[in-house]
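Two complexes are shown next, each including chain A; its partner changes from chain B in the first to chain C in the second.
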Partner chain A sequence: MKALRNFLDKVKPNFEEGGKLSMFRSVFDGFETFLFVPNTTAKRGTHIHDCIDSKRVMSMVVIALIPALLFGMYNVGYQHFLVNGILEGSSFFDLFLYGAACVLPKVVVSYAVGLGIEFIVAQFKKEEIQEGFLVSGMLIPLIVPVDCPLWILGVATAFAVIFAKEVFGGTGMNVFNVAVVTRAFLFFAYPKSMSGDSVWVSKDAVCGLGGGTVVDSFTGATPLGQAAVAQGDVVMTNAVGDPISTVDMLIGLIPGSIGETSKIAIAIGAVILLVTGVASWKTMFSVFVGGALTALLFNSIGTTPIMNISWYDHLLLGGFAFGAVFMATDPVTSARTEIGKYIFGFCVGMFTIFIRVLNPGYPEGMMLAILLMNVFAPFIDYWVVQANINRRKNRAKNNAFKNINA
Partner chain B sequence: MSKNSNVITNPLSKNNPVIVQVLGICSALAVTAKLEPAIVMALSVTVVTAFSNLVISLLRNTIPSRVRIIVQLVVVAALVSVVDLVLQAYMYPVSKQLSVFVGLIITNCILMGRLEAFALGNKPLPSFLDGIGNGLGYGLILIIIGAVRELLGSGTLLGFRVIPEVAYEYGYMNNGLMILPPMALIVVACIIWVHRSRNKDLQEK
Partner chain C sequence: MAEVIRIKKGLDIKLKGKVAVDGYDREAALPELFSVCPDDFHGVKPKVVVNEGDRVKVGSVLFFDKNNPDVKFVSPASGEVVSVNRGERRKLLNVLIKSDGSFESEPFTKADPKDLSAEEVRGLLLNGGFWPFIKQRPYDVVANPNDKPKAIFISGFDSAPLAPNYDFTLDGMKNELQLGVNALAKLTDGKVHIGIHKDNASKVFKEVRGAEVHVFDGPHPAGNVGVQIHHIDPINKGEVVWVVNPHDVVAIGKAFSKGVISFERPVVLVGSEVIKPLYYKSYFGASISNMVKGNVKEGANVRYISGNPLTGKQIAADGFVGAYDSQVTVLPEGDHYEFLGWIMPRLAKFSVSKSYLSWLMGGSKEYALDTNINGGERAFIMSGEYDKVFPMDILPEFLVKAILSKNIEEMENLGIYEVAPEDFALCEFVCTSKIETQKIVREGLDYLRKELA
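== the complex of A and B ==
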């Protein structure tokens, strides 16, 4: 640590005004503040500082995402070996290495494109590099199917960073969650590589790992996709056609987007976020409550197969849990007032189930529900603050009357 | 003469009806998924603005100010009907693609705007040129949007394949979002972005 600090202090003059490398000042600044908490403080006004600045908060979210990422890698390998009928005789490391070879390029592309744009913009506007993309860059590879081509991922990331974030003024100013915009762009622009039955399981060998031929009973549809098109009773199966239970969905060895399948890995991330106080339990909790209550409502109507899925299955299907834990709680784009967080979360959960049940064309309602509520978050905050002001005004008025009468 | 040429060139950039005055956005989103309907629409609007400007300018001293909107509507409606019938007669497939939007030229804000702001107070020749200029300014933007959307959304321009088959074999895919109206809005925004950054005097404080 000491050596790193000394090295940074030694090269720093090169990057300052008039130094040899002053044009890369924002890049150097970005890395320095990423490695060490900056020692600058606010010059005027009263501020309360704790030791956690926004780069440290972002790092915490990335740490919370790591269980989902690692499990995602393992699951990609597991699905591949399962559908090619070579699961017997393959070790844990075979599976994991195959998955890593599939997933890591996506992480690299997402970070390279997103951070590249951030660096260029920061250099252009002569501002510091902002840290918001640290989290988005990790979220993006986790919410796409494993067969999503890398160039499409790059295009979508660039689109989202430019049009959902930079045009609004960069980190902290965006109206929409950048990762969700990336997914929405992919979903509408390249539906063939984002939805359907053939993109959720990697079937070909990667870097000489894996291989073999796909077994005959291969289906490849996600449980959510199966539920959306089900006729009669909903029977969900895994990638080779064996039926799966609620417990399987909890563990997560099922086809789906890379990071969303294992609810246990997501729960570990949720605990990390809640213990460190990065995410609000109010938002997270009310998303689940909203989803569960809406599912119960549809259960009581129960005219189509997908309406009859039990509420706990609804919460485990698709990206519901992942969205609730990592995306609805985004501090920038969700509601900021305490009561607003309940309303925001509840509506996200409610609309997710509404979209999922009433429009089988878009089985993944989480993405659209979050984007919709992102738009309304400032309005919810305004309404909550205004209601508080009115209540206090009324109280002051009543107290004044009492004092006069007394 | 330089004044007349100004009347034509001004609406192309500095006073463009779509990207500076932000008029006629609706049809700019609706008909630009392909380049061909965009060009036909651009020509139709140019013809209608030019001739309605000319007619209203000729009548400008005889129209009572109280009923001028009705007179303008009658003139525009007549011209739009003529254009619509000509398209149906000679370009039936494009006419079907444009469907209701040819008829809706009558509600295009650019038309009424030019009639009210220019034709009622100017002589026939400048009015005619102003109509052509505004129609072309509108058409220019339409054609840019149409070209971008067709190229990226379908890989073609005017129906001819531009992006080679080889690219598709290597995994290139058309962008489905380009066909949908939201992307037209974003393309308009990008054009405005580029235009404003080149013309500092148009930037709002």
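== the complex of A and C ==
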């Protein structure tokens, strides 16, 4: 490590202002602080500091996303082998390798585009590189369908990073969750690549892996998509038309966005986020409560098939769990007051079900609900802060009253 | 006994290097060099009245406040003025005094303040040089003698990391404390409040008459007088309260009981780099050379802090005890790189975040924390971090943001009059984004004071 440190110290002057390579300062800085925690000491104020920093926080979220990522890879492979009728005789590794070949390029594109922009902006603003995109860059590939073309993904990522984050001032200043904006951009700009029945399962061979012909019974729609258009009783099926149960939705071997299908993998991530305290349990819990209660409300009305889906199926369908755990809890774009977090979470859950049930055109309500509540989060905080201010004003008034009577 | 006020939010940071057995280092030499530094007294515009070579006694005026000429800053020792040091634009840095070791004092009236008028007490405290040790809220500055505070607060315990134990340092000072409280009681129409901790004996405080004693329970910052004020009688807009440290109350009482001025106070030398942490008889402005000589690990790269690690001021190895400090802390300097530190388990480091394992180590493990800030400064990312260590009905993050945007109305609404920078020290400690909240709050208070003057 000492040799590495010495090497960095030796080349560092080249990257500083006036050095030969100063145009790569932010890149060097990013890698240097990644390898070594800087030697900055407190100059005034508190002389000791907690050893938490934003790199640690962000990397905890990335770690929490890994189960969903790994399962997503496996499931991509599973779906492919299932619809091509070659599941029999294929090993776990065949499935996983196929999935990895589909998913990893998306991860690479998302990080390359997003971090590239971050480096340029950091260079331009003469600031340290910010870590926020470490999380967004992992979220983005997990919330898109497997058939989403890479160039579209790159365009959407660039759009979101520039217009949802950098124009607001970078990590910590953004109003909207960057990953959700990416998905919304894809959804409205390239609807054919983001919705419908054909994008959720990868049907062609990738890198010589997989292949074969799609079976006749193939229905590519996600369970949520099926529920949204169901007539009469809702019977959800997997990609080859076999009916699926609540347990299947829990395990996650169903079509859907890459990271959202396995609720078990998401639950592992949720445990990591909650134990480490990186995500607020108040937000996360409230999303589920809001969703469940709204689903129960619709159950009691029960005039359309989707209204009759049970509350627990609603929580397991589509991106509800993934959004609740990883995206509604984004501390920057959700409510920042403690009471506000309950309200924020509850409304996200409530609007998700509202959008799903009342607007079958956009079955994935989670994305729109989070964006909507991102807008309202400062407003929620405003009322909580106002309540605190009013308490203080009343206290002053009562005090003045007491003094007059004394 | 009054009911216990429970402070739930907060944090006790357990550091290595606390005093093992309460006791004084009796072999340590008396400090020779003294420095009175106007920067210690925030918001003061000094006008020097002594010259190099002047003879001074304890209580001789060195400089006064131009804004308030009655407020005088006096010598803590008798001897000779060695130098009057000025910095850029002739800003007074400090007045340096070489002690003759006799601590001969200017005269002071021996009396029970109870028998004196408020005016007489005020005059004696101003002329004796005790006034700068009375601070006011709002703004956390030296009190204005023309104000009538609604109450005076004394925190009877220091909950900061490695802080001195008042049960030990005030032992046997009952009489002096009583006279000091009597003097303060003359200065307000309201009450004198004392906050004590449930787990401390606080014998001297419990025996004091003429003051209301409140019992607190809970972690740091329960001992911060600002937190105590908030829970006893919060400051509303337009109100002024005064606060005094117990060691200074005792110094005031001693002057009234003996008729001499003395700024002797116990100072505890602590921290992981100290060989044998102990108490020292010292003075405000006294050089720390005699304390640290031979008692700090040799060859170590250390930082000397006058005060506690959260709110203290960095000083040199031959620096001076700050005006309001009873603690000198020696910590390892953190100016080194740490390979991939942010992903390591970091078992030797402390974090309130559960993403490190310090929460599994049990509450009694002590840490030798260095001065590295462990990261880089960022915009606000995490929410709710400050709230967990800020035991007032104030939204700290929103107040800090109001200060940053220089929105006076918002600052007032969010309770800036109740806070001092020290109340934000734990926020700064836990901050993921490494934001210097104490500096921000200090600047906010200064801005407000200037704008509303």
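The rule is short, and it goes like this: the second predicted complex is superposed on the first by the 375 of 406 C-alpha atoms of A that agree within 3 Å, B and C clash if a C-alpha of one lies under 4 Å from a C-alpha of the other, contacts with A are read in each partner's own complex, and residues count from 1 in each chain.
Everything that follows uses one rule, which is that contacts are C-beta pairs under 8 Å (C-beta built on N, C-alpha and C of every residue); 3 or more make two chains touch, one makes a residue touch a chain.
All values reported here derive from a predicted model rather than from experimental measurement.
Engineer: Which partner does A:Ser193 contact after superposing on A: first (chain B), second (chain C), both, neither?
Structural biologist: first
Engineer: In the overlaid three-chain picture, which partner chain does A:Thr337 touch, first (chain B) or second (chain C), both, or neither?
Structural biologist: It touches chain C, and chain B stays clear.
Engineer: By the touch definition at the top of the document, which applies to A:Met173: first (chain B), second (chain C), both, or neither?
Structural biologist: Touch status of A:Met173: second partner only.
Engineer: A:Phe163 contacts which: chain B (first), chain C (second), both, neither?
Structural biologist: So A:Phe163 only meets chain B here.
Engineer: Which partner does A:Phe93 reach: the first (chain B), the second (chain C), both, or neither?
Structural biologist: neither
Engineer: Look at the residues of chain A and decide whether chain B or chain C touches more of them.
Structural biologist: Here the partner covering more residues of chain A is C.
Engineer: After lining up the shared chain so the two structures overlap, which partner does A:Phe185 touch, if you call chain B first and chain C second: first, second, both or neither?
Structural biologist: In the superposed model, A:Phe185 contacts chain B only, not chain C.
Engineer: Just to be sure I read the superposition right, which of the two partners does A:Pro149 touch: chain B = first, chain C = second, or both, or neither?
Structural biologist: So A:Pro149 only meets chain B here.
Engineer: For chain A, which residues belong to both interfaces, chain B and chain C?
Structural biologist: Shared contact residues on chain A: none.
Engineer: Once bound in the complex, which stretches of chain B touch chain A?
Structural biologist: Residues of chain B touching chain A: 171-173, 175-178, 180, 186.
Engineer: Taking the touch rule as given, give the residues of chain A at its contact with chain C in the complex, in rising order.
Structural biologist: 1, 4-5, 33-57, 59-60, 128, 130-132, 169-173, 275-278, 280, 331-332, 334-338, 341, 381, 384-385, 388-389, 391-393, 395-396, 399-400
Engineer: Name, in rising order, each residue of chain A that touches chain B in their complex.
Structural biologist: 149, 151-152, 155, 163, 185, 188-193
Engineer: Residue numbers of chain C touching chain A in their complex, please.
Structural biologist: Touching chain A from chain C are residues 13, 15, 161, 234, 236-237, 303, 305, 309-314, 329, 331, 333-343, 346, 349-356, 369-384, 387, 393-395, 397-398, 413-415, 421, 425, 428-434, 436-439.
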